[in-house]
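Below, subunit A partners subunit B and then partners subunit C, in two separate complexes.
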Partner chain A sequence: MKSLSFDLAVSLIAGIFVCLIVLPMLALFTATSFGELINQFRSPLVLSAIAISLETSLIVVLLALCLGIPVAYLLAMKSFKGKEILDTLVDLPICMPPLVAGLALLILLGGNSKFGSMLRNCGIDLIFSKKGIIIAQLFVSIPFLIKSARNAFESINKNVINASLTLGASKFYTFKTILLPLARNGIYTGMIMTWARALGEFGATSMVAGCIPFKTETMTVAIYQNAMSGELAASTAVALLLLVFSFTLLLIFKSRVRGQAG
Partner chain B sequence: MEMGIVLKEISKSYDGLTVLKNLNLEINQGEFHVLLGPSGGGKTTTLSVMAGLTEQDSGSVSIGGRDVSNLSPDKRRIGFVFQDHALFPHLTVFDNVAYGLRVRRIKGHEITRKVEYYLSKVSIAKEKSKFPHQLSGGQKQRAALARALVIEPEILLMDEPMSSLDAMTKESVRDELKSIQQEIGVTTVYVTHDQNEAILLGDRVSVLNNGRVEQIESPSELFHHPKTEFVARFVGIKNILKVSPIRINNHEATVQINNDGLEHPVSIRVKKYPVFEKRKSIDLCIHPERIMLKREDETYAGDLNRIRGKIVKRTNNGNGFMAIVDIGGMTLHASISSDFKVHENVWVCFAPDAPHPLCGKKCREPEQQRKCFVTTQVDRLKTEGC
Partner chain C sequence: MKALGDLKKYKAFLLTLLVCLISSTAFAKKESKELLVFAGAGMRLPLNEIGKKFEKKYGVKVVYDYEGSGRLGNKILVGQSPDVFIPGSDKWAKILKEKGHVKDYTSVAYHTPVIITPKGNGKVNSLGDFLDSNNRLVLGDVKACAIGGASAAIFKKAGLEESKMNVRAKGQAVKQLVLWIEGNNADASIVWKADAVQSGKVRIVDIPEQYNFKSIIPVCQMVTHKKETNEYIHYLLGIEGKAIFKKHGFEVVE
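Let's turn to the complex of A and B:
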């Protein structure tokens, strides 16, 4: 009897959790009519926000691959002085509030800083531009790729790598033909997580790139702008689209994780 | 004899822990050399240093007369078979074996010819399209061997490759390995802690302990004439007497047993060996087959040594019974007939020529050599195994 009461209590608490997650999402679906949603998806402003978000987040995933895989390899395979520091730096953007990250980037890249002036003199203007969005999204999302790829590299049997070396393969050939294929699932998972994080990024992006319609207004920024200016239908349309994106990416991620476990 | 591998003064430490201490080892061209020793003795590190997978702190490594001390593994022309097979899980058996050839940019038809040749040599040609997870342990081992051999390495290094195989598979893989090695003539270094494998496979065996080579011999020499107590114990010799000579006559010596734990001094008569005149403390071994147990009321030949004891354990070792007899703080192993019982008081009897020194030299002339436990074991394994 006691056991039954306990199970009931736990189930009730779980029910509260489900409500906490599901009710706000249901609220989104009920906020506006289907026809209005379709109209909003035809709006140039909404379409522009979607395009900017997709473009920047996909570029971020590619950049994260180029930067993150070598860092993940280094952390997984090598012992060196400062490894702990590098490891902490990888974790830092996850723990750091995005607004703090955005402010730091704004100070570094803004025209008042030496680095920002130097970039501007070279014709590179990162503030209030798509490039700024990409930098901000990369800053907050790259740890997900590094951590996932690192775990994947670490799970590879060291003797498999040694076998490749003793068969005459160079380290690069071994990396290309053994490590990358074996870490593939972990890297894919990292890419999905990075993409999801980049798509949902708001704080750092709005600090660095601002909210310029048709130029730097991403989906999350559009949600905020429209909601604040009373355009609830437009805000809801973009939010629902992001929700569908997130849900789909999460499903892919979970199936990947299951695949790895199997 | 041309040298296959020469290790000179190799030392290696990990985090202050010394694993190899000035290790010297010379392995002949074409030899099947076994590194035998307990876990932590430095066998795998030695193999790893030969392969270039571990960098030695000091010393040099030569392969076929070529100094490879500072070369990376990919430039040493070696084949390596790992304990866990280390097959590439995402590649088929064919692609695993072809890997080393593709690294060398060998043409496609030549790759196919060579891979199929070695796959049939190790009897897994039918499995070439399978992935490693679809293979049995023995098949994985064969695939790993084919992968190491197909590149025609100068030396073949094998790190306890059969430790995960069942007894029957182990036997068949072992026989094939020995015949392939003899056919190809590749210098092979094989790491194991299994003395039976060492007997059956090795042309010579090195016993490693605490990062040093304790003894290098042919298997039969090693088992008949261990140099040190460690080697003797490791190759299965149970009875080691630490003695000091009391009296030395023309043909015999009287010695006192000083093993740790012995409660009362015990003197025995033994055959005289030159080492008695050189050293005050000598290790003697007696094979269990040379010990006879007599009941307290039984008569015995007058020239035998006899020590009072009590049987504390009796085991069946597959070929007969073995009694462990407490002689007062230390135990001796004796081969017995089945009618002795545990807790029975007995006389432990042995002839003066039964104990012989652990010096690594022949303690008896060949015509005087008797069949003892180890001789029997070596002969049995050689006959049954090969």
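Let's turn to the complex of A and C:
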């Protein structure tokens, strides 16, 4: 019975959490209509914004994998001078307001900076392009992959790695055939979080991306613009499309990962 | 029953949670001698000065919430009510009057659009230069900010087609456009004169009167408001208030 009351208390608190998330979502449904949803889903502008959001956020996940996994490996497996600093640097983009992140990228890559004008002279224009969106999204979302992959690497039994190395396998071979497969679920989780964060990113993106319809306008920018012009129903409809879409994709991905793990 | 009895053990915890949830609202009581003003972010400098002087004179504190007019307008639409609303154009004043939130409005000043370029960049010197595809432009988004609508109206008056321009980016707020030009990320933009003057880091090119599109800055009295509101609006529209607006680069309504 004692454990029952504990369960009851925990469930009650979980219930409060569910309300915290679900009630605002339901409120969104009341601010729009089914017709408006269909209307927005048919609009070429919204479809292009969805496509641009998807394209950029998926590239971000791939880039995050390439850059994040080595960092996660370093943090989990090695002890070195400045490890604490690297670890804190990973947290920094999470606590930084996205607008500030966008501002920082704009200053670094903009026309007034030496780096920015050097890139432009080489024909690489990052500001106001899809590349700009990708950099902004990567900046704010990569910590999620690193943190998740690091935890996964850390949870691997060190004896397994030592056994592989003692038996003569190279470090790369051990990483490829033992570490990566064992950390798979953690990395998948990190990929999902990174993708979700990149998809919902607005603050940093709006500073460095051009927000030009059909070229550099993402879904979050479309939502903002509709809301700012008083078209709350249209804005909410696009927001709901984004939410329903992300929820479904996340659910499918998670159940697949769980299925594989089982 | 036993389960319920055991629940008492967690009473302290649940109570703390409850206190946390309600404290935010309980402590947020407004003082009676305080006015809440929603204002467009572009009016921060003159309104801050007016607020301080008004408080000194009348003993009423003015609390400002500065944001894009659209964001503030939406806040009012979903139920938040300030005592006074001063958006960057009359677009939101009209919307809110129609929906019964705003009682009436009077204009205090104009927002006058100007062309801005980075300092030392002489590529754009008139509206006509906007059609040169070598000139990279950034413009306000028509939906997101009032300056977007104003620049579209100017192009229409001057017979220029935006589709023929090399528009690299659409800003979500006028300050963003100023920032982009300050940072030398484009060759020209159209912004409000007050924002250009306040920046001090851009070159200003005036737009000929016949093509320009001035936008009024309305002071809106809300349907429900405190009695101190009238004093504030009176002060704002009086000689002192308008002089402060003028000082910060605004053209005032005489």
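Keep this in mind: the second predicted complex is superposed on the first by the 222 of 262 C-alpha atoms of A that agree within 3 Å, B and C clash if a C-alpha of one lies under 4 Å from a C-alpha of the other, contacts with A are read in each partner's own complex, and residues count from 1 in each chain.
We adopt the following convention: contacts are C-beta pairs under 8 Å (C-beta built on N, C-alpha and C of every residue); 3 or more make two chains touch, one makes a residue touch a chain.
All values reported here derive from a predicted model rather than from experimental measurement.
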{"item": "Partner chain in contact with A:173 - subunit B first, subunit C second, else both or neither", "value": "first"}
{"item": "Touching partner for A:226 - first (subunit B), second (subunit C), both, neither", "value": "second"}
{"item": "Which of subunit B and subunit C A:206 touches, first, second, both or neither", "value": "second"}
{"item": "Touched partner set for A:106, first subunit B, second subunit C, both or neither", "value": "second"}
{"item": "Subunit B or subunit C, by number of subunit A residues touched", "value": "C"}
{"item": "First (subunit B), second (subunit C), both or neither touched by A:16", "value": "second"}
{"item": "Which superposed partner A:244 touches (first subunit B, second subunit C, both, neither)", "value": "neither"}
{"item": "Intersection of the subunit A residues that touch subunit B with those that touch subunit C", "value": "none"}
{"item": "Residues on subunit C engaged by subunit A in the complex (per definition of touch)", "value": "2-7, 9-10, 13-14, 17, 68, 70-71, 73-74, 77, 92, 95, 118, 138, 141-145, 167-172, 176, 179-180, 182-186"}
{"item": "Contact footprint of subunit B on subunit A as seen in their complex", "value": "157, 159-160, 162-170, 173, 177-178, 181-182"}
{"item": "Complex interface listing, subunit A residues touching subunit C", "value": "1-2, 4-6, 8-9, 12-13, 16, 103, 106-107, 110-112, 127-128, 206-207, 209-212, 216-217, 221, 224-232"}
{"item": "Subunit A contact footprint on subunit B (complex, rising order)", "value": "51, 53, 72-80, 82-84, 86-90, 99-100, 103-104, 144, 147-148, 151, 157"}
